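Two complexes, one shared chain (chain A), two partners (chain B, chain C).
Entry: the complex of A and B
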């Protein structure tokens, strides 16, 4: 009996620690279908909160417009990040060229270095090249800020591929490019897919960069849209806010469920064990 | 910058925020969660860890809305309901009463997952014989943790501490969304947020790009120095070993 109690202790502690997190998500779901909530108790079930799907909220852009802007930002971000990282990672992992060491040092310094401090400088650069308040500008900024991590992760994946496979391909007469395309890419595909999803989700939930560099409401992504819903009336309609929030959160959770194993690796910054 | 009367206030805020988030959550809570989840059934442990990752994968705006609602005043706030209904205490707007604590917890819940993942893989790679041997010798759970686990994962511990210090120092997105430096006068304004406000928002009616950039430059310098130190400490040379094949 005492033995059983003792083995239950970790479960009890974990449940206590985890409950506050779970409550937030439960509230999000309950509130999105209620007129209002007191704590977790809903008062009056309704689907009215979800009417934003068909009709715009006040004078804001409609949700499908917002969705389009978000995808126009997140999809190029994911594709560019994955493409460039997979190529650069290969070069840095397998090729010898002058400046390689320095390039790797810069990459890891940029990776360890939090990019938020660079926002002010980026603001000037964007204005100088006339990309301020354009989706292209935000995509370019976000890609360049996420590349150090992407390159570093990809290099890690390539480093784990055996040298013999590559040697065999080269001896059989493959060019480097061909080796990369038909030998390496199939091997690292799971990692590449995870990086693609990771950086897509990064764009999907991004707030600070679009908020800072996009001012036109019609091209702002969903995070900025959602935040603006909580900002400007004195009484926030939590029903609508949570419905939009759930709309944004659902794809993230679905992706997370399916790619959890790979994403875990990426969220830790690609550091293996003792790093 | 160094003469501004607010600098001291903001500096204190930053230190409080970084130290408490780091000790209580990024390292402390992360260690507790990974120790607990590795000591139970493997599937259950994975589920609990997946739940702890939720704050990190949730888009920040949604996450902050949840926190705000939990801490809101009666009648709607979840914590207020809990305190009045179950504990029989006084409801209040917790975010306004304890803004700094709220900021630390909010960032801490996100920060925990990073350490949790790294500590977990480190703990799982400890050979089970060590723990077994200690148990045979009659060591208690606490003694095993204190004398075996912690010493064996001190390298990951150091790494997480170093890495998280830097990222906490420069992160301000959650604070911007949660309190925007308030309530009142600079109660939760940290260095990075202050730089952002000064340069890019009309918080005080006029923007000062130059001053804001100077504030950010301080962080940039700290960041570069810290990164270079990491590279020295964390065996950078192994990571950039030369390729073995030289054909182009």
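Entry: the complex of A and C
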């Protein structure tokens, strides 16, 4: 009995800790289909809050336009981040070149750098290169801000592949590039997939960068759209806000459900037993 | 293909990993690079593979200098200590990977893979991933991947050290046989002198980046040219005793702590020529000592007896100096007993304590 109780303790603790978050999710769902809520108690069920799916909310762009803008931002962000990180990570892990050490230390420093402090400087840069208020602009900014972490993570994965395997590939007849493509990429694929997903999700939920550098409503991603619903001087309809929030959240949840195996890889930093 | 190294050096910063090594490997021969860890043998092998570039000297494959040739253009096969199989590919894909890179036609690829799999007996494993194989099986796969290109030179880096003792003996014979059948010039690296002795036709003994001996196993065993070679080759290792060459009557006596070994005839003359009164190191292998005569060359005390099955390894002390003797299994003396030692006159070695060079021969 004592034994059972002891093994139950972690579960009890975890349950207590997750309850507030769980209640938040439950409220979100309830609120999105009610006219009003008193705590968790809904008053009047309705699908009115979800009408944004078919008709634009007041003067704002339609939700499918917003969704398209979000994907147009998040997909290139994920692809670019993963591509560049996988190449730079290989170079930092395997090649000797002048400035390698400096590169490595900069990677860590830049990762630790709070990006919000750069906003004003980035604004001037984007204006100068005429990329202010364009999706390409925010993609480039977001990629460069997420590269340090991506490169660092990828380097870790490459470091885990033994030199013997690389030498074997070179002797078997590969060029350096071919070794990277045919031997390394397949081996680190779990890590690469994790980074891609991670980066994409980062773009999906990104707020501060798009909010600062995109002013045209039709190219703003969903998180900025969501914020605009609460930023009006008019009465805030929390039913609609929660419905849109849920709309943004659902794909992420589903995505996590299917990809968590890969995402866990990123934190363990290796592929022992996997691959 | 004949391989020659001409004064090859490899420096890493100030460290001379390989220091002016010169040797020739005739076509089709099986050569071991032997030495303790850190002696430069793997560095040498990686220079042959084209992974490292020599700091100085020339590497020739046949007549051609290959110093600047990329690994992929050298027509070599290599087996790594860790086997280095590609974890994401099946065994079949691993084996045919070198052929794919050469763009060999598909039907030929299949044929050659089949032949290779038969040669090393892994037909049943072709669909598996390396992670599902035992060490011995992985090694066979690595071997077939190295051989499928029909390389001019086969390099093996400690190929047996990750196998258990029983499998190691089996693979030792198998690799030796395979090499003989295929006739591929083969260079393999090992720190295990027994492996080098049993497998190689010729042994290159390295120490601190320098080549200290290069000859056939029995020659290295019977006539070591340096103290290091004498010490490194042979298991249990050679015994070393400090002695002084003294003259007595017409002959010579080797005298040390608890040792008095009279010499007569030809050997006496040779020893005399080294110099009467000189302090030298006497080397004698455990199997060249017997403990039967009543009055021996030395009196020793039994310290430990280790039965090896076929014989007994007896650890003794001659005064303070440890001596090991291989005795017949009938040997029977209690620990602490005093026994006489007789050294086989034909099998003694003498070394200069300063230069460590052999003085007889």
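Miscellaneous remarks
As a convention for this text, the second predicted complex is superposed on the first by the 245 of 275 C-alpha atoms of A that agree within 3 Å, B and C clash if a C-alpha of one lies under 4 Å from a C-alpha of the other, contacts with A are read in each partner's own complex, and residues count from 1 in each chain.
Everything that follows uses one rule, which is that a contact is a pair of C-beta atoms (placed from the backbone, for glycine too) under 8 Å apart; a residue touches a chain by one contact, two chains touch by 3 or more.
Since the structure is predicted, the reported quantities are computational estimates derived from the model, not experimental observations.
When both complexes are superposed on chain A, chain B and chain C sit side by side without a clash.
Between chain B and chain C, B touches the greater number of residues of chain A.
Using the contact criterion defined above for the overlaid structures, shared-chain residue A:165 touches chain C, although it does not reach chain B.
In the superposed pair of complexes, A:53 makes contact with neither chain B nor chain C.
Angle at chain A between chain B and chain C, computed from CA centres in the superposed arrangement: 90 degrees, to the nearest 10. Residue contacts after overlaying the shared chain place A:208 against chain B, while chain C stays out of touching range. Once the two complexes are laid over each other on the shared chain, residue contacts for A:183 go to chain C alone; chain B is not touched. Within the superposed three-chain model, A:136 lies out of touch with both chain B and chain C [touch as defined at top].
In the superposed model, A:174 lies in contact with chain C only, and not with chain B. Taking every C-alpha of chain B against every C-alpha of chain C after the fit on chain A, the minimum distance is 6 Å. Chain A residues in contact with chain B (one complex) as well as with chain C (other complex) are 167, 170, 273, 275. Against chain B, in their complex, chain A makes its touches with residues 7, 10-11, 13-14, 17-18, 20-25, 27-28, 31, 36-41, 93-96, 100-101, 104-105, 108-109, 112-114, 116-121, 123-124, 163, 166-167, 170, 176, 201, 204-205, 207-208, 212, 223, 226-227, 230, 238, 241-242, 245, 248-249, 252-253, 256, 260, 263-264, 267-269, 271-275. Here chain A touches chain C in the complex through residues 162, 164-165, 167-175, 178, 183, 186-187, 189, 273, 275, going by the rule given at the top. Contact residues of chain C toward chain A in the complex are 46, 49-51, 70-72, 74, 76-78, 80-89, 97-98, 101-102, 131, 145, 149. Against chain A, the residues of chain B that register as touching in their complex are 29, 32-33, 36-37, 39-40, 44, 48, 50-63, 65-70, 75-78, 80-82, 85, 109, 113-114, 117-118, 121-122, 125, 155-156, 159, 163, 166-167, 169-173, 176-177, 192, 195-196, 199-200, 209, 212-213, 216, 219-220, 223-224, 226-228, 230-231, 234, 236, 239-240, 242-248.
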